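Got some structures for you, see below.
Below, subunit A partners subunit B and then partners subunit C, in two separate complexes.
Moving on, here comes the complex of A and B:
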């Protein structure tokens, strides 16, 4: 069973730049990603929007292996702030889960 | 505690305690400027952000950590964080990577070249010497924003005390941090920030020697995509008679060198670098980079290390 944390999005969305909900799941972003990100930005954003905290925690290594290189953003047709969204998810993980 | 948390914890602890993430002796940070008679402070300054100076340490640290990624030492990273609160781990000779002497000289030469090129362009830049601070890119990228606000305040005070108005940065990450990020986290951080490549381009400098060479260009993600500095380096090369060629992924679509994840995932970083280095080397046996992190990562991923040159090294040959 998926455990959902409905308050998660509010904890992550500490800045107006967080716009994961603008993502419409087309997958264009992953075409040229140099890391070959397994959970792809779009899947990660769904986890956040749905409050699936455990899935996010399981993906810590992948979330921190993104290069923030913006290749994905260059391709995204919906102007999703992919790298800033990922950075803010990192901020949440670092503060709330990793004891930094 | 996960490995990611432990490594980030060490970086953060160092930053809070020592205002930097890696320990480099102050002397090596400023030694490049020794014989140049640069004024302290002044309205326009060159800002190194320590990035060129850190590379000689990072090189040996990367080689060290690469073999240790899955090893006991990395499993001990959480303990390392606790120890690090009391002892500066990165400077303990037993664990510390030794700076590579020839890399140190090369980094210093790049910074001297940049300073001399600016002077040739008519820009008299000062320097903050020991007062200059690392801007915290590695923390910011990993989502650790809070200690940066304090750092931005301290730097703002130092800049005000020195009557600085214009900042000329030498690497893309420091350019981005000072031009966009610091302004965002501290609205009163209001300076004109330009990368040296932009300044040289604006000043329309004239070459003293025409170079007959073919050079493949590796754009930095940060310079090309975050800061949109794309045409300037090309114009400077072309102006000096250099025939530049572009890999399939260039300009706005440039491919990352892998460097940003080097501290956390060195193996993955090297795989990415090696792929990119091969693509570049199929275009030409001379490749230019515009960021010290790109230079280090790309050249260390291939046996053809000497093929990689910092843009400042090429520009110095043509313009000085």
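Moving on, here comes the complex of A and C:
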């Protein structure tokens, strides 16, 4: 069971550009990804929004392997800043979890 | 009585002629008693065929016609109008259905289908032979209307009627007009306060001299019929009688009240959407939302409470339609007060239809989270401890259990019909299985009831938002105007009638009439039944109940029906 932790999102959302909540789970982003994430962006965003830190940590490698090519973002029907969101999640992981 | 009858048999392209020998039907009846002319047409409903028939009626001096074609549901009015244009009484026209009830039903046996078609046409000829010209009944109308219910629908309807020069009487059961809207706070889509909207209408109404408003009022008695109702009203302690041409029901709705413990209802921090709206209206201090002295940080909403309960016995099966938009709007109002609020929407479907979809998208952008649940697996509420805990299966994460803690749980409750049994006993208005008023046809006659002169509007008819309620009240106002402004109404003459010399006044028919059209009068020292033709619908329910055969429906008299049966029996020999 996932317990919603509403505090996490406030830590990640240091910039107004973070708009993962606008995602409505259509899946267009995953279909176009040249890397082929194991964890889909929409699923990652869902975990971030729910504050499920453990699942995010499990996906650290995936999150850092993103090419930031913006292919997904171009196609997103809801204008989710997918790559910017990924960058902000990286920022959070680097600062508070990886001790960079 | 018609003695010179024209018979027209239709091919309907091949719809009829592929399975019925149309020429044989025509030849078989051409020399029957009373038939002066018989002809076939490829498409009887076409303009050219109608022109030909009009010419034939005039040239052959026909006094009755039979058209054997499709269902009268499709073309009865077409051919009645055609008969009228030819100078014939439209009630001396009979339509015989040899398509739906013959050719389409017996595609496997042309010979038998043809024999049946002949029988049916013969019956039609027999009925026409015994037909008499009928004229629609003309009833004079009173240029006033009674509106039951002083909510936004009723008030807006009164103004519309007033604009058209119709005097409107509005009766409101409460001491103040405004209905549900007056205390619901800010409403979408123009962010105005409900009470302000009502005040605007009230101000406008005060300027008019053809609107009367009665508060603490109810209808206690209704007599008369379309165009001329006599209504007794109790307003406070005062009793008065109003003479009106039509009645419009805008009795509104009441919010569904959850049952004790339904999704935790009863706990001080579990409230309904209606209460939440009041909370938002009373807590406009920027930056914080306070409830019971406690600052609210996390709010959860559970949708479809008291709506769409297909699995529940006696549950409300319908969708209340307005609540998705209303709760998404309320959620935005809450964000306006405190943008750091965490809001969790636990829904079954987001039905923010039309432009209200924007509220949903705006909530997504502002960070509200949405969880979809199935009717089979509703969210589980735990009220133990300080905070409310909700467990919901998140469909986006393959039904993983999610635990949502919150300070305030809002149950998004729908609309239920108001309890109006006293009123309904007086008016006999039909009610649907969801307990709201029923219209005649949801698309073609959406604000009319089966009772002539009684209209329905607003949420009395089913859940509606404010603009939809007003739209339907405008529709009811224009239907009322089209009825009253002309000064008279024409009523179908095919109604029940009493054969006075046969009636013994036994009163057996009285209870068979669903519309209360039968009363008893003294005629030549004898009590006999009397039908009010303006109320009678011509359903014929009373006819078989009469032991003396003293009742019959005009256009379907005993002589006509018996002759139809006899003509069919003749053929069977």
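The definition used in the following text is that the second predicted complex is superposed on the first by the 97 of 100 C-alpha atoms of A that agree within 3 Å, B and C clash if a C-alpha of one lies under 4 Å from a C-alpha of the other, contacts with A are read in each partner's own complex, and residues count from 1 in each chain.
Please note the rule applied: a residue touches a chain if its C-beta (ideal position, glycine included) is under 8 Å from a C-beta of that chain, and two chains touch if they have at least 3 such contacts.
Since we're looking at a predicted model, the values are computed, not measured.
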{"item": "Room on subunit A for both subunit B and subunit C (clash or fit)", "value": "fit"}
{"item": "Partner chain in contact with A:74 - subunit B first, subunit C second, else both or neither", "value": "first"}
{"item": "Subunit B versus subunit C as contact partner of A:32, first or second or both or neither", "value": "first"}
{"item": "Subunit B versus subunit C as contact partner of A:3, first or second or both or neither", "value": "second"}
{"item": "Angle at subunit A between subunit B and subunit C, C-alpha centres, nearest 10 degrees", "value": "130"}
{"item": "Subunit B versus subunit C as contact partner of A:21, first or second or both or neither", "value": "second"}
{"item": "Touched partner set for A:50, first subunit B, second subunit C, both or neither", "value": "second"}
{"item": "Contacts of A:100 with subunit B and subunit C, given as first, second, both or neither", "value": "first"}
{"item": "First (subunit B), second (subunit C), both or neither touched by A:88", "value": "first"}
{"item": "Contact breadth on subunit A, by residue count: subunit C or subunit B", "value": "B"}
{"item": "Least C-alpha distance (whole Å) that remains between subunit C and subunit B when both complexes are overlaid", "value": "22"}
{"item": "Residues on subunit A lying within both footprints (that of subunit B and that of subunit C)", "value": "none"}
{"item": "List of subunit B residues in touch with subunit A within their complex", "value": "1-2, 4-5, 8-9, 12, 140-145, 221, 225-226, 249, 252-253, 255-256, 258, 260-261, 264-265, 268, 272, 275-276"}
{"item": "Subunit C-facing residues of subunit A, complex", "value": "1-4, 6, 9-10, 19, 21-25, 42-43, 46, 49-50, 78"}
{"item": "Complex contacts: residues of subunit A adjacent to subunit B", "value": "32, 34-35, 60-61, 64-71, 73-74, 87-94, 97-100"}
{"item": "Complex contacts: residues of subunit C adjacent to subunit A", "value": "297-298, 340, 342, 344, 361, 364-369, 391, 394, 396-397, 400-405"}
